[in-house]
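One chain, chain A, appears in both complexes that follow, with chain B as partner in the first and chain C in the second.
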Partner chain A sequence: MTTSGKPASFEVRILRQDAPGEPSRWERFRVPYETDMNVISVLQKIAANPRTIDGRDVAPVAWESNCLEEVCGACTMVINGRVRQACSALVDQLLADRPGEIELRPMSKFPVYRDLVVDRQRLFRSLVRVRAWLPIDDYSDRGPGPRQSQAEQEQAYPLTECMSCGCCLEACPQFQKVDLSEYGEGTSDEQRNAAFDRSFLGAHAISQAMLFNGHPIGKTSAAERLDALMAEGGIQVCGNAQNCVAVCPKEIPLTTSIARAGRATTIHTIKKFFDH
Partner chain B sequence: MFQQRVLIVGGGLAGLAASMKLAELGVQTSVMSLTPVKRSHSVCAQGGINSVNELTRQEGDSEWLHLDDTVYGGDFLQHQPPVKEMVDWGPRIIDLMDRLGVPFNRTPEGFRDQRRFGGTLHKRTAFAGATTGQQLLYALDEQVRRWQSAGRIAMVEGWDFLGPILDDQGRCRGAVAQNLITMEIRPFPADVVVLATGGCGLIFGRSTMSMASTGSAASRAVQAGARYANGEFIQVHPTAIPGADKLRLMSESARGEGGRVWVPRTPQDPRPPRDIPENERYYFLEERYPTYGNLVPRDIATREIFDICVNDGLSVDPEKPCVYLDLTHIPRDELDRKLGGILRIYEKFQGVDPREVPMKIFPAVHYSMGGLWVDYERSASGGLAKGSPKTHQTNIPGLYAIGECDYHYHGANRLGANSLLSCIFSGLFVAPGIQSMLGSLSDSASDAKYDPLMQSAQADHQKSHDKWLQRDIGGDNPYLIHLELGQIMTSAATVVRHNRTITEAIEKVNELAERAKKCSLSDRGNWTNQNVIFTKALIDMFPLAKAILHGALARDECRGAHYKPEFDMPGIESDDPAERHRQAEEWCTKFEEKNKKWLKTTIAVLDGKGEPSLGYEEVDISLIPPRPRLYGLVGAEIIEEVWKEQHAH
Partner chain C sequence: MNQPTVSFLARHEFLIRRLHSLTGIVPIGVFLCIHLAVNASVIEDVTAFQKAVYQIHSLGGLLPFVEWALIFLPILFHGILGVLILLGGSSNTGDYPYAENYRYLLQRATGLIAGLFILWHVFHMHGWFHFRWWIDGIAAPLGGALFRPFHAASTAGAALQNGYVTTLYLIGILASVFHLANGLWTAGITWGIWTSPNAQKKIWRFCAAFGIILAAIGTSALFGMRHAGKSETFETIQGIENRMYEIRVELGDIRSSEDKRS
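Presenting the complex of A and B:
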């Protein structure tokens, strides 16, 4: 300990994997303490000097990041057992919660490419499944969009902040990793999407479906989104465990969206029944 | 029958706007990006997007005044026709984004709300909380996903652009890129390549920019012969949160919503800020610039904050330079509704609630006004000709540039909330021009006759990549070289510039560039090797760094963000009316001489040895003649009076 009560250095344990299909292993690094560090600056320090505690020179750890201010979602990983963004994980706070050591793991619900880098294509595929866009006619000049009340804006805004980070999926007991290994090396996009489309959409996509169904233009295609929510891997998979809402860094009211989606799909089913 | 294709490199606002418009026009389009496009740097833009609107019109605002504010704020260095076209499109672009579902803040009656931004007296800025860039990008991302699912746009995410492919006529026929995961290098034949790759903040080490903003793509185009224009014009944003890995932006909207910048009159007053009484606070921007107050243009606010800390010794923190940006007088619920996003960032990264305690901020590198030189075709009415294939094309036929990586629109200094507009505008506007360019071609880059060209381009890049991996160990560390480069560039080429410092910086950067070429990798594997990708980007930072420094050294004047105290033109100090008049006349004459010499675009090209050589080009000032930029200058009134006398027709 230094006089200020801060450690001179701390240990970082990282679960590493060289490539898909390779075994994973823990490696430990010692990082000198500095003020104002976050997990990104810790990883940068390790990249500049990739030597383990037992003195082995190793390849630098691979990780993803871009914005460094928790708006792009790239740097999501499991830090001290909790899924979150590395850029907003401040070392002082982490060490206060668990002195002396920080543990980093890749998200477990997505296939690892290398170290902390995972393949999150499925997350974006879910957005296609629920048609998370407004079907406007064209990009010509047709005047403003529909007028909206402050209340409507304030209901939509939090949902639009979803940065597709995947925290809600990592935490969800119903969201299981999709195993693509049966397809072998050259999985085609079609095979991959078909596998994704059978699996659970995830809370983020359900919430997006509700966002667009609540929009005056989005309403015109609401039925398609409800159909998607009711298809295989849809909202019925959700066990209402509420883990998702607890970990969302943007504090998106996911369970509210899920509840609304539940009601909307029920009504949709009844309507469909009578329309036949 | 041949199949033509456009390759857009970069999936931020400009790239996505161009892609969706091209898709609508029926053009086959691919979008290449380092990250999933939804994670592009545009998400970091916070404050809003400018356009004239119904309310400002009633105060007498017009597109012409938006043009005037933009060119006056930019110190007249930008060509005016592209700006005119952009501001004319402004209202339509906001309407389109509104139709795309961007949750713009609303008035109680349900209209879009607007706020005021720097460098204007009108509330032109539409906003979606304080995450406007994120919201705009997501709206475009959604549309592109829609086209992708319909098979009309192909996504090439996770690829690094290594360079354009030029045929023996010098026309761009595609690009070579490398996959960030598998490290595969391959050619992407395309009939038009559009760079929409953003700024180059990482050249300065830490900035407000994202990790992808290395400028390497623009640099690779420059190394292939593209011209680089006005590189020395780098915007330093007045208000950022200092951090170890990044200087996080604190949006101008904090001031637009009433935030006040101040320091205690007593240096390093130890009292908590809220205990310091009003009369002991120095609201230096408000005192020095009564008209614009906290909303002076960015270059001016930046210099004042820098000056107050570095020269007046009034930094609020004895350890590091910073000033207070104070929102604590504004009701909490209003702050949450209008600025929630950025206040949360401050709270998360600083652990202090900015609604209760004034924020500590300091300037940071934020935006490149300069960029790839691109052409344009003027229309008869002074805007841009519709559908011209020239507009936004670089000097390499078939290679275009849009968004922050080109040099149009912002001149010597960008006004806040004009960048989101210029990005979306250039993306939408360029699409029909590209379509006509395609129509003028009689073949396609995917024709078999181009196969050898594609293969040899790929082989060249593969060879140089393999060489990197075979490097000896024990050389310099690329990450440490980057750190050094950032320090040199930040001290020599940001807020205040001196020829002596720049000359020294050029020497150091030259030396560093040589060391960088010989640096070693710590990872020599060929799978998700971020070490080699970073090192290549680092190597490519040097040509742009040199262009910035040489441009700054040569330009012996002050203009917008480029400030050399040696060449400053001080105001009028005399009290005697006749003497004041005489001095003002002298001032105006000097001003005209300075414009004659320096109201020119700097154009850098690389010579055979990869060193920049500079040329200059006239600026189109046909719409609004340049006039002195007098924000806060002592004696501004008399200079303005004399200027008007001299320029009355």
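Presenting the complex of A and C:
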């Protein structure tokens, strides 16, 4: 302990994996304490001196990061058991919550590429499934779009803040990892997407579907989005544990989106029944 | 791409899950409320409960049909699908110890407990099937089918004298009631009735109050029934029930049916 009550160093336990499908293992590192560290700077310290506590020189730990200000979502990992962004995880806070040690794991719901880097293709595939875009296919000038009311803007804005980080999926008890191992080495994109398309969409995609269904141009494909929400792996898989909203770093009202999607699909089902 | 392997369950997942949600409330949830309230009428006096049972049994030959269509089949559907649903989840309250996450876990645990309780309870009181050979040959020797509709309070009460049995009933009541109260809350989200966090919080308080009241009704029913079946009161109550039976037969309200008495 230094005079300020801060430790001289602390331990970092990292769940490592060399390549996709390889077994994982824990490795422990000791990192000298500095003020104002975050988990990215901890990983930089380890990269500069990749030697474990028991004195073995190992390959530096791989991780992803870009913005370093919690807007890109790339550095998402499981820190002390809870999914969050490494760049905004402050060491002082982590050590206050759990003195002496920090534990880092890759997200468990996605395949690991290497160490803390995961393959989040399924997350983006879910956005494709619900058509999370505006259906405009050309560059012609259509003049100004329809106006959105203040109330609509206020409902939409928080939903636009999603950075596709995956926290809401990692923490969801209904979102299970898709096992692609049955396809062996050379899984084709079609096989992979077919497997993804049968699995749960996740809260982020449900919320994005509601965002675009509330948009004056997005509305034109509202029915397709609702059909996607009601397909296999759709909104019905949600079990209302509400972890998604509790862990979303952008504080997106995901459970409100889920309930609004529940209402919209209820009405959509009735309409389809009587209008066909 | 042609996908012939997609199962019926998968293709209709949305409608099946909505039907699961619906059956939890209508008819099963409604049944639970009525069932506990009718049972609790025994605290007022045993004739009130006996009258209610006569009313139910005035359905006569239709009764088994109504039981299966409105109670047993919906419970079997909801229960079997419920087990499949809970197998598809992976609870993580250890890492994410939030109140709603615990309730997610409890919804599954209480569903399972309620399911096991109902299987045993219906065997214990009702016997599952009304066939004579089944009741006499199998259910009764195994300690089931103890309830006699025309000796309603006395036989139900007598079946509840054992302390372990009473404890299991108490667990069954509390699990079923929590499952319904919390299920009401989640069903409102499933169907999109309450959407904002604020509305969900308010409704949760309402659902909690509903659950506490229903649990109180269920618990008083249990102890009321237990009281009615005590050996000191058993004979008196059977006497009251016999008089009610004789009057009803005399009035022609019911045909004499000994199998509903002994």
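Criterion: the second predicted complex is superposed on the first by the 275 of 276 C-alpha atoms of A that agree within 3 Å, B and C clash if a C-alpha of one lies under 4 Å from a C-alpha of the other, contacts with A are read in each partner's own complex, and residues count from 1 in each chain.
The definition used in the following text is that contacts are C-beta pairs under 8 Å (C-beta built on N, C-alpha and C of every residue); 3 or more make two chains touch, one makes a residue touch a chain.
Values in this document were obtained by computation on a predicted structure and should not be read as measured data.
Once the two complexes are overlaid through chain A, chain B and chain C fit side by side, free of any clash as defined at the top of the document.
Touch counts on chain A: comparing chain C and chain B, the chain ahead is B. Taking the Cα centre of chain A as vertex, the centres of chain B and chain C in the superposed model span 160°, given to the nearest 10. Of the two partner chains, chain B is the only one touched by A:Trp133; chain C is not.
With both structures placed on the common chain, the touch criterion links A:Gln17 to neither chain B nor chain C. Contact with chain C, but none with chain B, is seen for A:Gln176 once the two complexes are overlaid on the shared chain.
Looking at the shared chain after the overlay, A:Ser199 reaches neither chain B nor chain C.
In the superposition on chain A, contact of A:Thr256 is made with chain C only, not with chain B.
Shared-chain residue A:Thr76: touches no atom of chain B or chain C. In the superposition on chain A, A:Val247 makes contact with chain C only, not with chain B.
Of all Cα pairs linking chain B with chain C in the superposition, the shortest spans 15 Å.
Of all the residues in chain B, the ones that touch chain A in their complex are 20-21, 24, 35-36, 38-41, 43-44, 92, 94-96, 98-101, 103-108, 110-112, 128-129, 131, 134-135, 138, 142-143, 145-146, 148-149, 181, 210-212, 243-246, 248-249, 337, 341, 345, 348-349, 351, 428, 477, 479-480, 522-523, 525, 527-528, 530-531. Remark: chain A residues 81-82, 171, 173-174, 176, 190, 194, 198, 230-243, 245-247, 253, 255-256, 258-266, 269 touch chain C in the complex.
Within the complex formed with chain B, the chain A residues making contact are 18-19, 34-38, 40-41, 44, 47-50, 57, 59-60, 62-74, 87-88, 90, 93, 113-115, 117, 120, 124, 127-128, 131-136, 138-139, 141-145, 147-150, 152-154, 156-157, 160-161, 163-164, 212, 215, 217-218.
Per the touch definition, chain C reaches chain A in the complex via residues 1, 3, 6, 10-11, 13-15, 17-18, 85, 88-92, 94-96, 98, 100-101, 103-104, 107, 186, 188-197, 200.
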